[in-house]
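Naming follows writing order (A, B, C and D), and every chain is counted from residue 1.
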């Protein structure tokens, strides 16, 4: 393939199992676009790659001589991406995965936004009047459990009276169902909702309760109710990886630290228009905790088991 | 007013019938050029990558076979059921049943001598799918419950059973995702061509074509099952135990879909997860009908569909067109092909009145 | 826990949720009943709903008018149904495949168009959706007020459509034609009813219902379009059509039961019943099957269903 | 005089046949014209062309002297033409009134009140009484036919086409129908009447047109022709001599019904405590007005329906009820009433239909595998022995004419030399030639020593073939008599429930 001849430009490819509208893959995609523009590198991506096709696509990019191949490997992509990586030891791979790294060239990452989730819990715990909080989430996998667990821990750390309701909608995408789950929580008295999935804000808006967004700053979706969001930024992960590849220092590693608040990989989104609705002591408390987390003096608990409704 | 009617035509010469599929593909490409142009794509580059992606290299061609394998099996499953007018919309669920059983054998039957693992896995997968299909068959024959609906609803039921298993007893130790552990190596379908995924399951599906063809045309049961589909009352009158025929038909139909599930686990994923099928069971319905319920037709239709879907996916990636174009092309290809096939037997007559 | 179940808020909430969640299912079921009564099984329902959801949403997004969105969704549904009519009615192709073909095609096209129009921003674009309308006075009645009489306008319209479709089918001349064609197209043809045209019109009406049912999800229940927004609700409508024995009122009852079970399972989860959540998700489907078993013996399938009508075909 | 209808040189082709070849037909006011021809001669097709159901491929249609083109039945209806098809075009699940109202112009809502008044008016005028609210499936065949006529009159039809209206009627119902037709003609209607019963044609028609292989071969005034002439015109050859019934040489009992009882699907007792014995070497005729349990009786004997009570013995052996396979095994040959619905796989080939009952037996199949060679030789034997006219054993059975369809069934059932033959309405809808063939086949069975049970609405057929006659009334046997001593009037009385 003459067209594919190496012209010296760094080439990065991303493989997503869902469409890029899906927030998790969306976060990777957005960071990749940003870095591609910034560093002037080539970026290609494949979305909606079905489980059975994953192997074919990874192999395709590897064959075409990409330097850095990233994506979400969870479930369907694990085995195929690792197998292909073995065949191409000179290419750097980094995949979202629940498993360990695979030397020498296969790194793993995940989104680690339990820290902002904890802070959200603190806000909700301090501000709630009903002492009932709600979480609507997809399915009980570790990264979801981490969020739910941290949110609850944050709330309990400031208010021992809160109860937390949890509902799983059973799929990554079923906004109507997510909304109904949120409604059922509002009926159960919840006045703060953690929206792990799309669909919750509509219910919050109709009932006039507050909600937290997830993955990106989602205030724009419902400015009156989205009090803040837990934001994941893949930029540090990518930036540091590409630097390492270009310096020749790339090795298989768990990239999770680059997704933490301290590295700028996650953050609590601004309060936007709702700034004035939040009491000063809450803001102060959050700011203080934030500082401690950044400094490493406070470690947010990592809870990976499912949280059941209280 | 001008009205249209469809009338039978005299049989066409053989070469026309060969030209038909080509013409249908051509028309499909013409139609789907419209959305490609809208998306700002280069039509020639796009279609070049479509054919390259599906047929252009040995690797790609073999991948197309990989894709065709489950489609052949679900297509046969549906065709065999439909022929007996057992409206099995549930191949998807039966595929799940087969995949669950195969995974179970593949993980836990470590005590089996390794040469027995694959046969046992295939048999378990077949009967798991078959048994799952007997539920709607039983409801249809004994309680007169509509089979379209029960097969459809049972897809959701087994999907959630699978979910409960994958979060429960079958979950991989150390993982909290809905996935099972990997099956043992002895349970892997062997790869038959190096550096490709051309696996044993592809052979299984080709054997299935032959077996179904044989059952249909050479056995008493094949005759009875067709009779039941054509005229239930006459079949009963002729002394055929129609309930039993439907039940056996269901087992074979579900079993074939179950084999598709076995193949996906044993050759592609090597573990069970919710995404084990990408709607193969539903596509199987399309393939069965496109193949006119005949095993050979099913094979051709499955291959046609894999070319379109494998190729369109590559096209989406390479030509920078949203991958959703895959559905558009598949849909248009299906409809055009059907119309062209119809036109081999019928002609359209316009009449003024 | 028991006390929670019997609280006014819980009961009001579950009734309200039942009505909301059943709205798209009932609407789609009514549409499917009309088409099946005329002898056409439209498996294009799921894709048509998604297409309606997308087109309705995009129209509202660009015009700002919700009702224009509803109108566009209806037209989008009609357009797809006309393709269905050409395939399955005029050309007499298998209704199964034509319908599934429409679903594959329309689902792809819906998302394709959506992607072309909005691109792929991190935060999906939103519209200002329909908000629930509290009917004066009635909405003050305890329990009923907060549930029955505080709903979206599309939900109210759906309730009105249940008797309307009933009356249409059983009390009007056109309805009699439709029923006759579904039972015995030959009988209809020989008294001068245009079988294919009537089937086409029924498909079009059904398509409009499907389109609006989809748009309900993006314009009222939600305020954005996401790929899986229909989530199998179209297939459920097919089941409800049969459950309801092709009767609009019974079909709507089926839709309500399904909506209720769905609302209930979410609430049971919230109450902290400790079962694998997949068991909850299964409940609506299982109970629907049991319900079907109980009604199946008196099922009366339209005799002409699935059969294309061609005059010169022998044995028709 | 100006004809109301004139067809000039009408041609209609299907893919493989010319069903009508330049046919001319005239129908004058107040006239009943009979249309005759063998099965497949093109009668129905010609009428479907006149009714606008088929587009013609050549020729002209004139109504009251003016040329017309019909695109659909609607156009024909608008010109006052109505057709009553051989297979009724009624919606079984709807009421009489709804069936009448289908497709009528009018307001948006159904105005049942007005329609009912109009319908009752027509019922009174023509003496056709039907309850407007009755659901069609509760009506007898005769009543359903009345409904078809009412439908036509309701639409203001002046010309009625009736395709084999008597094929499914009992003799008394036929008499009633003829009365209605006479009233219609008197009130200015014209009628085209198709039948295979030449006597009926002689009784009711003014003029007869004969079709053979799609061509019009003759036209006769009824007053100037005879039944034998018409028969030979249709067939194109002289028909055989009259059949010889011959003496009954009765032997052992081969079929015994003991106290049979069953309900129909509406829950009404259809057969009540019914017993009879059929012996070797005799034909036992079961007469009765249709709707008195003959269908239910045959379904029990065929094993399609399980008796609620009572036993069936074949050659002295008690047969489990509701099991066609057990009955087939005992060697009963069964000719079902509805050959297309119960007797045949219309989408399969002739040979595949031939083996319906024997496909599980050696040598046709062994160990679950079908032996194609044996099937072919079996089918060939059937086709030859019973002179089935077909393009070959691989032709789809639906390409056969009605008479040949019946021969396929006869061949399949009789080729194995059965001990007992149960035939239900075996000549319904068959032309004279085919009818004669079937009758001869029944008598041959008797001569060969089989017992033949003949269930028929056609009293002529019963008298022609039976040695003994039993009459069914309301599910019971109301009387029994040997044919030699039978008297038609008495049997007619029995059929209407009068004994003494």
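In the analysis below, a contact is a pair of C-beta atoms (placed from the backbone, for glycine too) under 8 Å apart; a residue touches a chain by one contact, two chains touch by 3 or more.
All of these numbers come straight from a predicted model, not from anything done at the bench.
Counting C-beta pairs in contact, the pair that comes out ahead of the other among B-C and B-D is B-C.
Rounded to whole angstrom units, the spacing between the C-alpha centres of subunit B and subunit C is 27. Taking each chain's centre as the mean of its C-alpha atoms, subunit B lies 45 Å from subunit D.
Inter-chain centre distance (subunit A to subunit C, centres taken as mean C-alpha positions): 35 Å.
With each centre defined as the average position of its C-alpha atoms, the distance from subunit A to subunit D rounds to 75 Å.
Residues of subunit A in contact with at least two other chains: 19, 139-140, 170.
Residue positions of subunit B with contacts to 2 or more other chains are 8, 160, 163, 167, 324. Under the contact definition stated at the top, the residues of subunit D that touch 2 or more other chains are 14, 72, 346. The chain pairs satisfying the stated touch condition come to A-B, A-C, B-C, B-D, C-D.
Residues 1, 3, 8-10, 218-224, 226-227, 230-231, 233-241, 351, 353 of subunit B are the ones touching subunit D in the complex. Interface residues of subunit C, counted against subunit D in their complex, comprise 171-177, 179-180, 183-184, 186-194, 300, 303, 311-312, 314-315.
Looking at the complex, you find that subunit D touches subunit C at residues 14, 51, 53-54, 72-74, 77-78, 83, 85, 89-94, 98-99, 101-104, 106-110, 151, 155, 340, 346, 398. Residues 17, 19, 44, 46-53, 55-57, 59-60, 74-76, 79, 98-99, 139-142, 145, 170, 304-306 of subunit A are the ones that touch subunit B when the two sit in their complex.
Against subunit C, in their complex, subunit A makes its touches with residues 19-21, 23, 26-27, 29-30, 134, 139-140, 165-177, 179-181, 183-185, 187-188, 198-199, 202, 206, 216-218, 220-222, 308-310.
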